[in-house]
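For reference, the structure is listed below as structure tokens.
Just so it is clear, A, B, C and D label the chains in written order, and each chain counts residues from 1 on its own.
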Amino acid sequence: MSTVNVNVHHVTRVEGHGNIVLNAKNGNIEECRFDVVEAPRLFEGFVRGRPYTEINHITSRICGICSVGHSTTSAMATEKALGAELTEQGTLLRKLLFHGEILDSHVLHTYYLVAPDFFGAGSVIPLIAINRAVVERALRLKKLAGDLCAIIAGRHTHPVSLVVGGFTHTPKEQELREMRKRLVAGREDMDASVELFASLDWPQFERETEYISLTKDDEYAFVDGRIKTSDGFEYPVKEYKKVTNEYMVPNSTAKWTKHNRDEYMVGALARFNNNFDQLHPKAKEAAAALGMEPMVTNTFLNSGAQVVEMVHCLEDSIRIIDELLEKGIQQEDPVPVTTKDGEGWASCDVPRGILFHHYKYEDGLCTEANCIIPTNQNYGNLTADMRKLAPQIIDQPQEKIRLMLEMLVRAYDPCISCSTHLLDVKFV
Amino acid sequence: MTKENTKVKVAFFDFASCEGCQLTIVDALQTHLSLLDVVEIVQFREAMTEKGEDYLIAFVEGSCNRKSDEERLFKIREQAALVVALGACAHTGGVNALKNIQPSLQETREYVYGDKADWYEVYPTRPISAVIDVDAFIPGCPIDRGEFVKVVKNVLLGKRPGIPDYPVCVECKLKENVCLLLEGKPCLGPISRAGCGAICPTYGDGCEGCRGIIPHPNENAMKDVLDEAGLTLNEIMARFTMYNAYQEDQIETAEKTI
Amino acid sequence: MKLQVLDKAEISPLVEALMEDYRVVAPHAKGSKFTFETVTDPADLRLDYDTTILPPKKVLQPTKDRLATFTMGEIPQIEDVLEVTPTVVFGTHTCDLKGIQLLDEVFSRDFDDTKYTAQRKETFLISIECLSPCDENAFCKDMGTMTANEGFDLHLTELDDVYVVDAGTEAGEELLAKYGSAREATEAEKQELNQKLGAKWPKFNYKLNFEAAKLPAMLEASFNHPIWDDMGERCLACGSCTTVCPTCYCFNVADEVDMLLTQGTRERYWDSCQLEEFAAVAGGENFREGRAARQRHRLMRKGKYIYEKFDELGCVGCGRCVRTCVAKISIVESFNTIYNGRK
Amino acid sequence: MTKSIYTPEMMSVLEIEELTPFEKLFTIESPNGELGHDPGQFMMVSILGVGEAPISISSSPSRSNGSFELCVRRVGDLTNAMHALESGAKIGLRGPYGEGFPIAKMRGKDLLFAPGGLGLAPLRSLINQVIDERASFGRVTILYGAKDPEALLYRDELEEWLERDDVECLITVDNGDETWDGNVGVITTLFPKININPRNTVAITCGPPIMYRFVLMELLGKGIPESQIYLSLERRMKCGVGKCGHCQIESLYCCQDGPVFNYAEIKGYEEAL
């Protein structure tokens, strides 16, 4: 086949609208790109003028899948700006909630969005007929994750009680005990998950790149930390712009980023590569079962890294609950802010990678806002991957090319609707 | 009543939104897998690749944020016997409509996209009912799973969707929550549409009105009560607009600023 | 029966023993407030509570109550749900006791509401004497409910170290004999009791500027009083006042069906005359469209309508509606305003 | 175990007749051969899964034939579902409930019926009973108003009433059309056309809420004493037996004290009309 025209309008099983364009003539790639066609929503623009108490609840709505991530990062940035320091219990609950989010999002991605490709199904629904046990396990794990979020914050999508200064609700001791039991029982499903994903025939594709994530000395970093790149750089969160260096391209409502090279990758694989040592031993076992060991440079294995993180989050959730129970859970009100003016920034490594929120407040009202979303940071890398992968598969049937490219896009677990309101705003 | 071959075909579409409502539907399957016994999903881009065009019910998530999206809505309206607005963005414009009340839409656009602002098409946010006729809505940010299931059942039974017109306080009282307003914390419960099980007050945070305002609210009294709870005028207006900023008569003004 | 006494330390064992055979519902702390909950641990019981958010009527008329189950399809069939949970309500105040007496009348007069009455028959009431007003909003003294001679199975009055127990029914006596370890009250205890009951009286204040018995006549002349418009302006129509009221019993009925639309249940829910839809019918007519008319209806029911139908005033002076109203609408103030301004 | 007052009995729909595009007449098999109702009483009708609503019994006890009739307008959940039924279906019913028309007080009197629209449904029950016992009543006059010719209920019976010499029947429609050569105008335009002996006349009216005020003015204007005017009122009802509170008209319960009320007795109730 000499001429290939792949044009995937609105890639499915991803969050948000993106198109793949590939044109090749006589085996030469003429055009290969990923367009973000999501309607702009202008979050940073319209949060200006709103009270600080609202901001993390509004920015939660950037993304329904990683709303805990946005809400947490946003609240942290506001806390930094307005001088509220979380209690120990508040910090633990945030981490526990975040584990629920990672678990929920990764189950969604690996089971609902990625797995169907390996079973030759178009979605998880026909998968019920093909392998009901797998779907039921997925539903169970997702419910477990959702319920974990719910006892802390009311629900997973757009957490309610997560506010600036902590939480407006404290889970009951009984609820935590109950949840602990369920998490322990969930190990069985987790083992089965590792087994399932270890048995999949992952596409062979290697491209070395710069991996960027948060890092911490004493724990596998999700909430807060230092920025670390696999090319050997480290920055405090405050200097996030040294990493992101945003620029705009016309075919995308999202902003692109670059650091040491022309592109970099964020997400589960980046975290896995940068912070392998801090993973829970059981997560390391899972990695071994999946045949993964840093540096993993096969992008498709981002989903493998997600499975590893699922194990980590389950185990670490049990640990956090034990810690909370041991300390004794206290009824606490959110910590009040100490000032109404200030500037603050924060970062979390959300399911899809490193996320930054940055605000300025005057008299309690937001005057400047900047949010840099992981998917955005991945576009450069995704395009580079596509351009490397395309020539390797260009001789295959068009349908196969199309599927491989879609699978590649999906491997990033892109969250396109998030990524449509990002830009480096100059703070004055 | 509904046999295998008579499953109702439904499709899901998304416009400017966070896709949390569609995710909620995916989550509804955890507790209501039998949904798939009564409806056949022919399109659901967030969760599946298959794509059919012969749907009877269209669930539309998200608000219309640009002129070029209207065409897609018209097509959906043409095909579907029943168009259901799914979630706050589709129902009231949701948080997206906050941009409509910024002093200048053009300035807001430039704030985000700088000198490249014109690369990205945008117009004042509209709930989908401002673009096409909508037969029903499922409110909330996100929607409530249980309510989604209930609406599906009601529609299949030929009933009204069954979205309450009464305020959140009713559900809040029935749950015997300690009233936040009485503790001096802001809550929009007295004028916001119920159906969420008063989830926010139950989790200690005042209602933000994501399900829209009830018919004939006593807004003056609500302002007085919020004032009493210590909110500034700015904060009171912010509460009222968080999910309910869209107003038809503001569109023209907003359009002029672009 | 002779007055008996229970040592304070005997309350927990009594509750514990009752829990063997009954669902025991009693006041528990909820944040800064109290609610009636099913007891799982007698230690959680709070007999020192001021008032609860919802009245104990929820035991007899649950907020959501299954009336029937049915199957749909070709030959639809419906069946009553009349299962009953033997219950002891422990620690009701006397105003709420009176509220339950009124509900008993409402649900048995003319047509027997089997659902309510069946549960009522299996429900025992252990009330407790309030020795001081729960807060400034209660006006039980006006409504004659600050103490009770009847309506309870057992009635407790707290003395320094013991509770004096009075049995109002044979069933109550039997409960106490079977589950409690009471002994006869000593003379000293009887004296202390009398002293406590006497000392209680002046601690309670009259809140109405007139005798409650005058309410029906006074309201009769006030149908077009300007106060209703004033209340309508302030009222948010949130329905809280009726929801928390021990003498409000209005309900709605709705069917719920399973996913396959083959079977379902018929449920009744608490409803409120303050909600806009309450009196609306097809064709766009709403017989109490304005908030003013709805507020008037509420107060008229409490002071007049219920009296005319059931020979008892429809308010027991518990003060819950005043406490709960975020718009600070007070039934006491409203009645007083009408009284003060009458010709 | 005693049966709950709220649990309907399942009964068979024998026949469904389309009266107008919005109203259908349901013939339902009486449980024990006989419903035993008074004209003006109503049934609580259920379709399981959909809900319940009060519907007047439209047939006369004098013509029971082991069944009774309900005339139903399609306005909401239950009534829509009823319109979707086919004969043979089973629906739930409980009743009859409420105070019907005090027929004993009407014997020997002249009767003036003034139904508007669907208000004919409950009145037809009484009218047919009166016709069946024609000798015990004085003059019988029927003034019936409907929105348009299409909306006229019970056309066959209307013809019959028009043809009888012992019944005076006048019909009007608010909006006429080419098929209509009768009166055009609201129901009150019929009153000048009739001559009655007010002292001996009992008037009975039922219709949409706004109609009452105007019809009452005419009736009182004719000199009919307040105590000889009966109205059947509609309210929202959830139980039908005086518990749910929805139908309250001040201290009265429309379901128990009504739906038929004597004007003299309710005119002091400002919420009534």
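In this section, a contact is a pair of C-beta atoms (placed from the backbone, for glycine too) under 8 Å apart; a residue touches a chain by one contact, two chains touch by 3 or more.
Everything quoted here is computed from the prediction, not taken from an experiment.
Least step count on the touch graph, subunit A to subunit C: 2. Steps from subunit C to subunit D, minimised over paths through touching chains, total 1. Averaging Cα coordinates per chain places subunit A and subunit B 25 Å apart. Between the Cα centres of subunit B and subunit D there is a gap of 43 Å.
Centroids built from CA atoms put subunit D at 66 Å from subunit A. Subunit B and subunit C have CA centres that are 38 Å apart. Looking at subunit C, one finds that residues 72, 257, 261 touch two or more other chains.
Residues of subunit D in contact with at least two other chains: 49-51, 76. If the chains shown are joined wherever they touch, the resulting network has some other arrangement, not a path, ring, star or complete graph. Screening every pair of chains for touch gives A-B, B-C, B-D, C-D.
Interface residues of subunit A facing subunit B in the complex, by the touch rule stated above, are 10, 12-17, 38-51, 53-54, 57-58, 61-65, 67, 108, 112-113, 116, 122-126, 128, 139-140, 142-143, 146, 153-158, 160-161, 163, 167-169, 248, 250, 253, 365, 417-418, 421-423, 425.
Within the complex formed with subunit D, the subunit C residues making contact are 67-68, 70-72, 75-80, 82, 106-107, 109-115, 223-224, 249-255, 257, 261, 264, 266, 268, 271, 273, 278-283, 285, 287-288, 293, 297, 300-301, 304-305, 308-309. Of all the residues in subunit B, the ones that touch subunit C in their complex are 1-2, 32, 34-35, 37-38, 149, 153, 156-157, 165-167, 169-170, 173-174, 176-179, 181-183, 189-191, 214-218, 220-222, 224-225. Across the complex, subunit D meets subunit C through its residues 1-8, 10, 46-52, 73, 75-76, 90-92, 208-209, 234-236, 238-239, 241-246, 248-251, 253, 256, 270-271.
Touching subunit B in their complex are the following residues of subunit C: 30-33, 35, 52-54, 63, 72-73, 233-240, 243-244, 257, 259-262, 270, 272, 275-277, 291, 323-324, 326-327.
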